[in-house]
Each structure stands twice: as structure tokens, then as C-alpha cells.
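Okay, got some structures for you below.
Two complexes follow with chain A in common, the first pairing it with chain B and the second with chain C.
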Partner chain A sequence: MTQLNNGITLFFSLLVEAMPFLLLGVMFSSVLLLFVDEQKLLAVIPKNVVLAALAGSLIGFLFPVCECGNIPVARRLLTKGAPTAVAIGFLLAAPTVNPVVFWATWIAFRDQPEIVFLRVGFTLIVAVTIALIFSAQTDVRPFLQDSLTRIMGEPEPATPVPAEVEISPLLKSGTFLMQSPGQVLQLDAPPAQVLAQVAVAAPPMATRLRMMVDNMVLELRELGAVLVIGSAIAAFVQVAVPREVILSLGQGPVTSIVAMMALAWVVSICSTVDSFFALSFASTFTSGSLLAFLVFGPMIDLKNISLLLTVFKGRAILYLFVLAAQLVFLLALVMNLYTS
Partner chain B sequence: MTSTPSSNGLRAARRRSLPWQALVDAAMLLLWGLMLLRFTVTGKLYLLLHPDYMWLAHLAMVLLLAMGVSRLVQVWLSYRQGTGQTIRSQEHTALLPRQFSVALLIAIAVFGLVYTPRPFASETAFQRGITDVLGQTRSRPQRFSLGGESEERTIVDWVRTLNVYPEPDAYAGQVAQVSGFVTHIPGWPDEFVMISRFVLTCCAADAYPVGLPVELPPGTARPAPDTWLEVKGKMQTSTLDGKRQLTIGDPTLTEIPEPRTPYEY
Partner chain C sequence: MARRRSRRSRSQPLDRLAIMIIAGLSLALGLLILSGDHATARVRDFTWQDRQVGAEDQAFLLTFSRPMDVASVEKNLTLDPPLPGKVSWAGRRMAYTLTQPLPYGETFSVGLKGARDRYAATANGSSRFEPFQSQFETRPRAFLYIGAEGDEANRLALADLSRQERTILTPKNLSVMAFKPYPLGDKVLFSASDTSQAGSLLNQQIYTVTTGLTPRPPVDFAAQRPPLWQQLWPQKKAAPSGETALVLDNSTYQNLKFDLSADGQTIVVQRVNQQNPADFGPWVVRQGSPPQPIETEPGGDFLIAPDSQSLLLLQGQGTAIIDLGSEKARGPNQPLDFLPNYGRVLDLAADGSAAAMVNFNQDDPEKRFTESLFLVTNQGREEELLQVSGAIVDAQFDPTRQILYVLASELVKAPPDADTLQSEDAYAEQPLLLAITLADAKASPLLRLPQQQRIHMSVAPDGRSLLIDLDGQTTPEGKTGAPIIWNLPLVHPAVSSDVAKSAEGADTTPSTAAAEASNASSMPTVTDPEEFPFSGLQATWLP
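Then we have the complex of A and B:
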């Protein structure tokens, strides 16, 4: 009975601590969905592949979205002709390298600031490396879903299209609405894309606000449910699994990393709140394994595989998964063996 | 649901049907806001969070209630005007079915409205490894101030002091006055109990127990585990489990009610 009570108290504690950050996360992503124009953003991204990968990884500061919001954005970036390095860098890093997640991690781990900074550092290393590996493939199309390559239209030339070379809005196929001279609104574009363009055309404030609340409720519903399930798992593991088992698993430099990465993959908790989840393991697991959880979880987990499948083919997801897992494992192992 | 105004018939039909989805969403938001409100009003938020972060929970409460109310207003307006409620799907691919997510969130909020969280107790303290030593991952502030007199130190103050200077003899004879709950440690002689507290750095998820041994005066009955006590006595060194430990000796024990904020920070 005590165990059950403890479990429930722990469960509500995680929910109550995480909910404000989830709300902030969905609020930011909803606001920016309406106010940031990726097209303009792409125009200022550097040509150099390494810089592009880094820039892509840092765009998260403008789109503070967690891993459920970033895939649609990465998809839009690709359809708008973003170089592969930018899209992959964004896809892997944005859920972690953004202000809301940084703040949440800081609150959870303020006693171990190294975790907060290494989380960002490791994520950037892994994201840029994988982005570079993927951009070695000049034509990324075979990796993408057919539906997406169709939207992308004409085959790309061997080198990535510089973002500024914009095709005239009138030379595209589809249904369009003329707006101000030189500006068109594509009606058969994906809804979020329309939304983004509509935002440029500035709809009335009330409409914009309503769309924002709509989007917030939508994301909150989905991510909130995953948060509830994740918190329940964390609470269950804390009270139901014997402490000796957890300790023997959590203190080994290798086993702890493997265990936490597997947990990250299964639990699929949103990156804005996963630091609180990790915190409940902080006393029993090695720092390297906590970092592995915090870096790997937002990149690829059970939940976002279904989302990734809307962009990539299975083979590409497997590559992403294997590369990310290996890199994170190595970095965490180095951390476990050479610090502490 | 689409909002294309196709025919009058459709519009009339829509006027009569309530936008259930939006209403359920509003209920979900309001229930979550009310759950946080209840935790705040009853003071149970102290059992879940570090006081520094309570404003975040309050902010969430206000946002949730505001979103819930704005949803209701939206529904009311569109119902009165007879225009359907449009829920945009974005490009958001959902993993969980919508109904499942909503049902789960509503169920948890209702549960939170009826369930009263309980603070951690001695059994958990023992399971989590109660100690007078702070582990690797524990909060070890670079600087912490001790209120001049030794009897003003709390249990965690004593434990932090011990971590800086672990020799128990150094504190011999100092007056200690602390409050906490009783934990029985297996293997200790009957005249020893641990007076303990949980310490939070963020939320209940990282609560860890600390404690000081108390040597009961001869002839005193051993207080039951989880009894809240105020202990006043003199510091001494005792050997427990083959280890020399700082112990509160010759104590006067006063039973106290469980404090509103049972954790230390």
C-alpha cells in the first residue's frame, strides 16, 4: 500500500512539474508556426556543408518544438528545398537544442550543470556528424517517401539547390490564390504550410489567436497523453523494481547506458519534459547513461518512428537510428569512463 | 469536420449539433486546471514540488483554465452563430488515437481531483538508502549558511556539515534540536532509531532521505516508525554497523503533527 501511494505521489509530482514546460513548448511552437517564415530562414543559411549542418542544428532556437513538432517542420524544410544537411541537422538537434528544453533541463539538473551543457554539446556533435554523413549522398531522394519526393517536384541537380534561387511562384503546378502582386497562396499545400503563408499575409489577430489555441490544444492532447504514460512508467520502475536490480544495472558503465537508451526509445517522452523523467533515475544511474537518455531519446524513439515514416523510407530511418545510437553510446561511454 | 458552407441544409444540421470534440477538449483543460488548483489550495503541492518551482505549476494552472474557458467561449459563439467549429489538423500525425488521449487525460485529472497525495515515509526512506552521507549526485552547495546556534540546524544542515567535516567527535556536546519522522534501521540495537527527513531539489522524483541516529534514554519505548518527533539532545559519537556515527544522545522526544511541508530543501 505504501508502495502504491509512493508511486502515485511520484507520478503526480512528475506530471505537475512537467506540465508547465509542456504548455510552454506547445505555446512556443504554435506561436512560431504562425510567425516564422521558413522560406526567409532558408535564404540566410550558409552554403558550406558543415556550417549548414550546424545552422540546421541550431534552428531549434527559432522553433522550440519537441520531437513531435519538429518532423513536420523538417518536412516543410525539405519541400522548400533545404539542403539535406540542414534538414537532418534540424531533425536531430531541434528537439534538444532550444530554449525551453534547455531551461527545463537546467531546473531538473541544476546541481549537475555539466549534464545540461553536455546534453547540448553531445546533441550538436551527433546531429552535425549524421547530417554530414547524409549529405555525402548527393541525391537524397531514394531515402525519402514517394509522396514527399512528388511534392518536391523536379529532380534536384547534383549539388544542393541554393535556397535563394526561388522558382517564380507562378511557375508551379497546383491551385493558387493570387494575393498581393508576386505573392500567391497555394491552396493544395499541406495545411501547416498554408498556415505559415497565411501568417505572412497577416490574418486578423483574433483568427491568428484562435488558430494558435487550436494548435496548442491539439499538441497538448497528444503530448499530454504520452507524458502521462511516461510518468506512469517512471513511477512504476521507481517503486516496483527492486532497488538492487536497478542499482546493479545503473552503476555499470556499459549496462547503464544500454538500459537508459532502451528506456528512452520505449518511453518516448517529450523532450521538453524528459529531464524530469531522467531526474528520477539520477541517484541510481551513471551520469553518462542519463546523458545518453537525454540525447538519444529526442532523436529517435518508438513514438516518432511513425512520424519519421511520413518523411523517410524505412532504410533511411534504420541508418539514422543505428548512427545515432552508436554515436550516443560512444560519447556516453567516454563520459562514464573518463569523468567521474 | 469541414467548414465549407455548401448548403443551407448542412448548415442547419450543424446548428443543431453540438461540437462535442471541442466541448470534451474544454472539459479536459478545465479539469487539469482544477486539479492543479486543488493541489495548490490544499497545500498538497508542497508534497510534489520544490517551493521554488511552484510558480510554474501556478502558471500552468492559469493557462489551462484560460484555455479551457476560451474553448467554451469559442464553442458558445460558433454555436450561437451556427458556424461549425473548425479543428485544424496541422501536419500533426498522431501516435495515439485522439479519443484515447483525451480519455486518458480526463481520467488522470479526475483521479487527481479525488486522490490525496501522501508524503514519503520511513519504508521508502529505508528502501532509498537513508544515510548521513551525501552521495555523488546529491546537492552539495558550495556555500551554505548555518544559523549561528547549533540547535537551529535542521537534519539536512547537520548532514551537509558532516559532509564537509566528517569527524563526529568534532561536534561532541553541541546541542541539537531537529524534527523529522522515525525510521527503524534493521540491525541497530533497540535503543537506536533514525530521525529522518526527505530532501527535494526539484520534485518528489528526486526526493532522497537523510537522517541522524538518536540514542533513546534507557527505559524509553521505541517510537513507532513514521511518528513525527521533535528531538532535543546533545551530540555524541556512537558506533553503529561498525561505523562511528554522529548521534543525538540523551534526547527529549516530543511528538508533533506531520508538518505542512514535510520535506527539507
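Then we have the complex of A and C:
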């Protein structure tokens, strides 16, 4: 019975903590959809892959969202045709590299200021590295969910497409409006997204605002449901495997990093408050293990895997997860074994 | 459909690259783990590093870079000269809490060699610890007094016993009446009248003067850190001694008595309107805001409580406790509390837990014409410590709050005096210096003092000595000599087991009459009273 109580408490606390940020993320996503012209967006983003990844990682300073709010924004970036490097960089770094989290970490770790800067630095290193790895794939659509690829449409082929590949855009499910030969508008997509594809028609501000709210409600309903499931799974795992068990896994210089990363993954705590959670371990764990918690937690955790599944296919999430875990582990290990 | 299936089955560039990198990283991680631990544990932070600490600092913190093997640190930590204390741990932080007040005017070195971190201890590995060596010092042993002779006459002077030098702080034209040092000893608040002006005695103004001492207090780890730009800002250079600044003038109001709060932020002054003597009462002066009257019933003597937030003010027959809360109060202040039995507050323990108060025993006919000293705690306990037939002049807590030093007088038969007419039952007041252990309320006299009215006492902040100033010897012509300042070293039996030596008891020499009587285990004794070669009044230790 107590376990059920604990589980329900954990479930609701995760949900209450994440929901405002999801709402914020959905809002930013809707703003991006309706108020930002993709042509201009693409023109601003640097052509160099490394710079693009870095730019994506730093977008968090404009959209202070945590790890549940960043997914709708990253998804919108992808559908807007931003390079994969930008979207992945944003996805991994934005929850940490943003003013709110920086300030919260600074408040919590004021007597260890290096934690604050290393947290940002490590996050940027990991995010840019993974973004570069993902940008090796020019056409990222095989790794995205089908619903998303449908919205994105075909990219402009880099090489001349063989003739047989030219298939009608009508060869997928849905309701379409044939405009002129070759121009097809999908009608069963949400109205705001339909509108966004018809870039020519710029409706008045009031209409656009109403559409923005409509789109927010739509996305929130979709992602909110997923978040509920994710929170429930995270709460269940935390009841089944108590924190003490995870922490007792390791007190050594190597095992303590593993323990803290496992803890970060399981507790799924929001990046805006996780520094205060980590502070309670500051006296018993090395700086390396704390950093592992602070860097890895916001990138991927149990709760937001369900949200990630609305964007990526399982294979891509596996790569994201394993690469992020390995890179964080590597950096934390170097920190623990070679510095203090 | 066929196309999508073929896309899924085909291995994408990302698949190949990701798997390659995952394999590479796994290899790197394995090698890194196999290479072993190369980090050296060290002390990250020592809160008293090169700082000057005082009696209010009771513990220092050592923060290590990684979790330490507790036993190895406690075994290897050295303090020279040794300071008894207790060790407690919170993760990577170790607190060392001193059990006795720090002796002033000394330099201590702290060292730690050969400690092990917890990982090395569990793996039974070798010690990888960067040896730590640091030092800190305590504030100088110094006291302030109002000079009595020559150049020093009526001027505030500082006697630094650690450096064996004396400095006159205030200018010649100011005749100092009273003073109170600021908590770090870098400044002194004093009231003085300008002798170059007519009617000067009533025209006290309140000033501050710098002592020339540079406090380097340890960073309070519990307090809010100053913003980063303030930490990086170059530290202000210490002001040379003797820089006076006016705090409160006397243009409309006369300043009578003042007190300074323990945090040095609030001054309370008893003021009376020059034109309208009915306009009389305490005023509060804070840094950066104009003086404001405290709206309350007029009162007498007062004292700011150690929390700097409340004022103990004598009102009528009792003592009112008035809120000094920093927000500007409008309308009359209701006292927070009123203690009807106590007509005087002599001292408050530095942590505010207890007060020494005097009951004039007006309500009890059997105790009429006696005074009682009470210990009143913030738990509401009131305990009578002493009842005397004369007067209770002063009482001060020892820094450990275990002993109360009391100046009191008993009525004795006046010695026959050939020159004057005396009734058969003439009485005189015999002043005594007593020590009372607060645990068992046991009083024992330390010294019998010469029979005179004006005696001033000051307990050193480290509790290791006591200053007393007395009027000088009366000459045959009836003139009183220059006042003498005595330093009475206090020997605590716990600290040293030196046998008390008694001094010869001339008229103005304190005598250790009852040194033998004070054989209670924690009762201090006075040894080798020392007379300073200069004279002065109100000798008071710097905090």
C-alpha cells in the first residue's frame, strides 16, 4: 500500500513538474510553426555542420525549455527543414544550456562554481558530437516516425534522382487536394500545418493567434498523453527499484558515475530543478559523478523516452541513448580518475 | 510500400557510423578504467585560511575534493599550538568545533599529511593526498581606554598588548565620555564633547574613529555569499588609525547615552530635545537612513540584545523588550515583553540565551535594602544567583557562558577614621569581584577590591583575563591619584593547574583573598595581577 502511495506521489510530482514545461515547449513549437518563415530560419543557420550543431545547442538560450519541452520544439525544427545537426544539438543541449538551468545550477553549486561551467561545457561537447554523428545521415527520415516524415515531405534530392523514384506524392494515405499538376496539399493534416505549407497565404494576426492556440491544444493533447505514460513508467520503476538500491551500486570512482547516471535516468527529474536534487549528493559523491548526473539526466531519461518515440524510431533513440551515456561516462571518468 | 521496406532493411550511413563509434568508445572506456585511479585528493577549501578569527568563530570547515577516509583524516590532522575540539563530518566536509574559546594574539598552523580518500581506503591502496598546510591567527589582544594623564587626557587610546604599543585615537579637542567598539574592532563608536566650544559638557556628539586594525574575518559559510563582482572587486585598504567621522550631531537634540548592536549596524541613542525636555526618549540610527525616534514610553537605561533586533529598556520598575525590527515602525511600539521584576539588565550572553538582571527586591519586605542578581534564560527560567546587602555594580558573561563575573558590594562596618565624625554604626560598601558558575549557581569571591565607588570591569573575549580600573591612591592632601588599570589573568583549572599566587593587599591593590576558597572544579582563579604603566578609565577589551 505504501508502495502504491509512493508510486502515485512520484507519478503526480513528475507530471506536475513536467507539464508547465511541456506547455512552454508546445507554445514555442506553435510560434515557430506560424510566425517563423522557414526560408529565413534556414538562411540564419550556418552551413558548416559543426557550426550548425553548435548553433542548435545554443538555441536553448532563446527557448528555455527542459527535457520535456524541447521535444515539440525539436520536432518542429525537423519539420521546418532545419538540418539534423541543429535539431539533435537542440534536443540534447537545450535542456541544460539555457539561462534558467544555468541560474539554478549556479544557486545550488555556488561553492563549486566549476560544476556550473563544466555542466554546460560537457553538455555542449556531447551534444555537438552526437549531432555530428547524426548529420552523417543526409536523409534522416528512415530514423523518424512515419507520421513525421509524412508532414516533412520529400527533401530536395542532392543528386539527380533516378527517374523511377519519381513517384506521385499521392502515393501515401490521406486526403489530398490537387492544386496544379505536381502540387498536392494534404488535407487531413492539422489546419495550422496545412496553412504553414501554403506559405503564400499569410492570414491576419488574429487568425494566426487562434491557429496557434489550436495547434498548442493539439500538440499538448498528443504529447501530454505520452508524458502521462512516461511518468507512470518512471514512477513504477522508481517504486520497483528504490533510489537507495541504485546509490548502493557504487561508491568507487568508477561505479559512482554509473550509479549517478542510472539514478538520473530513473528519477527523470526536470533539468530546471535537478541541480538541487544533485546538491544533496554533493557531499558524498565526487564532482565527476555529480556532473554525470547533471549532464546525462537532461539528455535522456525514462520519462522522455516516450516523448522521443513520437519523433524518432527506436533505433535512433538507442543510438542517442548509448552515445550520450558513453560520452558522459567518458568525460566523467576522465574527471574522476585524473583530476580531483 | 516496397520502397519503404527496402529503406528500412538497408543499413544507413548513420547505423554504420554509430555502431563504429559506440565500439570505439567502449574500447576507450575500458582502457581508461583499466589504467586506474590517478587523481590526488586534496583540501579544496579551509574556511580560516590566513584569516583573523575571534571568539565568535567557533568552528572551521575543511572541504575535501573527494570523499575521505574519516579515520585517517582525524588521526593526521595537526593543530599547532593544539586546540581541543570536536570533529564532525558531512560528506566531503569536515567541521572542527572548538570546545574552548580561542586565545587571542596567537598564530595557529593547521596541517594534514598522509590522509587517504575513501576509495583508496576501501581498496587498501596507497595514499594519494596532497599534503595540506595552512595557518590562521586570532585577533590581537588589545583594549581601549580613556586616557587620564598628559597628552592622553580625555582622549580615547588603544593599547595593543600583542604589539606592545599604545595609540591615541581621537583628536585633542574632543573630550571622550563613553565608547563602544564595533564587532570587528576596526572602528569605535564614541560620544565626546568639543572642548573648544562653550557649554561643551552637555553637547555630546557621537562619532566613529578607526583603530587602524585590519580585520580579516573568516567567510561565514552559512551566510549568503556576496555577488561575484564584489568578490572580484579589490579589497578596500584598511584605514589608518584616528580617522573620525560624525555619526549624530547635537543641533536639536542632546545625546545622552548610546549603545551599539552586536552586528554593528544599529545604534540606539537616548536623546532629549534642547528646547523641550519633555521630548525625551531613545532614537535608532541605522547606516544610510536618518535617525528615528522609537515610539515608546520614556525609559531609562537600555541595552541592545545580542540578536541586534530588540532593545531592553528600563521602563518604570521593570524592563521592557522592544522590537527594533528593521522596517520603519509607525505608531507606538508595543513592547514584545515586559519583565516587571527586574530594574536593570547588566549583560546578555552572546547567543542571547540568558541575561544577568538585577532585582531590587522592592516587593519583599524581608529582603528590603538588598539587591539580587538573577539569571533569566530565554526558556523562561529565572534563577537567583546572588543576594547582596550592598549593590550589584556589574556582571559579565564568560565567553563559554559557564561563568558570570560579578562586581558587587557588601555592607561592612566602616573602618574608624580619626579625622571625621562617625556614628557608632557607620557602614561602608566593600566591593568584591565574584565568579559564579552558572551550572550550579555557586558564587565564590575572587578579589576584595578597595572601597571606592567607581570600579569598571571588562572580561576579555577569550575569557583568559579581566581588566579592572580603579581610582588611584588618595594622597594625604585628599586628592585622588590617576586611575589605574589592572590586568587580572584568569586561570581556568581546566586549562592550567597553576597555583594561584596571592599579592600583597595594599589599599589600591586587589588581593586574592579568596583564591583558596575557589577550589570548585570549574572556578577560575586570578593570578599575578598586573598594573599597567599608564592610567585610564573604562578600560574595555576589543572584541
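Keep this in mind: the second predicted complex is superposed on the first by the 201 of 340 C-alpha atoms of A that agree within 3 Å, B and C clash if a C-alpha of one lies under 4 Å from a C-alpha of the other, contacts with A are read in each partner's own complex, and residues count from 1 in each chain.
Simple rule for what comes next: contacts are C-beta pairs under 8 Å (C-beta built on N, C-alpha and C of every residue); 3 or more make two chains touch, one makes a residue touch a chain.
Just so it is clear, the model here is predicted, and its values are computed rather than measured.
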For A:R110, select first, second, both or neither according to whether it touches chain B, chain C, the two together, or no partner. both
Once the shared chain is lined up, is A:A282 touching chain B (first), chain C (second), both, or neither of them? both
First (chain B), second (chain C), both or neither: which does A:Q251 touch? second
After the superposition on A, what does A:E222 contact: first (chain B), second (chain C), both or neither? first
In the superposed model, which partner reaches more residues of chain A, chain B or chain C? B
Would you check which partner chain A:Q137 touches, where first means chain B only, second means chain C only, and both and neither mean what they say? second
Using the superposition on chain A as set up above, list the residues of chain A that contact both chain B and chain C. 110-111, 282-283, 287, 340
What does chain B use to touch chain A in their complex? 25, 28-29, 32, 36, 39, 45, 47-49, 53, 56-57, 59-60, 63-64, 67, 70-71, 74, 86-96, 98, 100-102, 104-105, 108, 112, 115, 117-121, 123-124, 127-129, 135-140, 201-206, 208
For the chain A and chain B complex, residues of the former touching the latter: 2, 5-6, 8-10, 12-17, 19-21, 23, 27, 33, 68-69, 71-72, 75-76, 107-108, 110-112, 190-192, 195, 210-211, 213-222, 224-226, 228-229, 234, 238, 243, 268, 276-277, 279-280, 282-283, 287, 303, 306-307, 310, 340
Chain C to chain A touching residues, read off their complex: 3, 7-8, 12-15, 17-18, 21-22, 25-26, 28-29, 32-33, 35-42, 44-45, 63, 65-67, 90-93, 118-119, 122-123, 221, 225
Complex contact set, residues of chain A against chain C: 110-111, 133-134, 136-138, 140, 142-143, 165, 167, 251-254, 282-287, 315-316, 319, 322-323, 326-327, 329-330, 333-334, 336-340
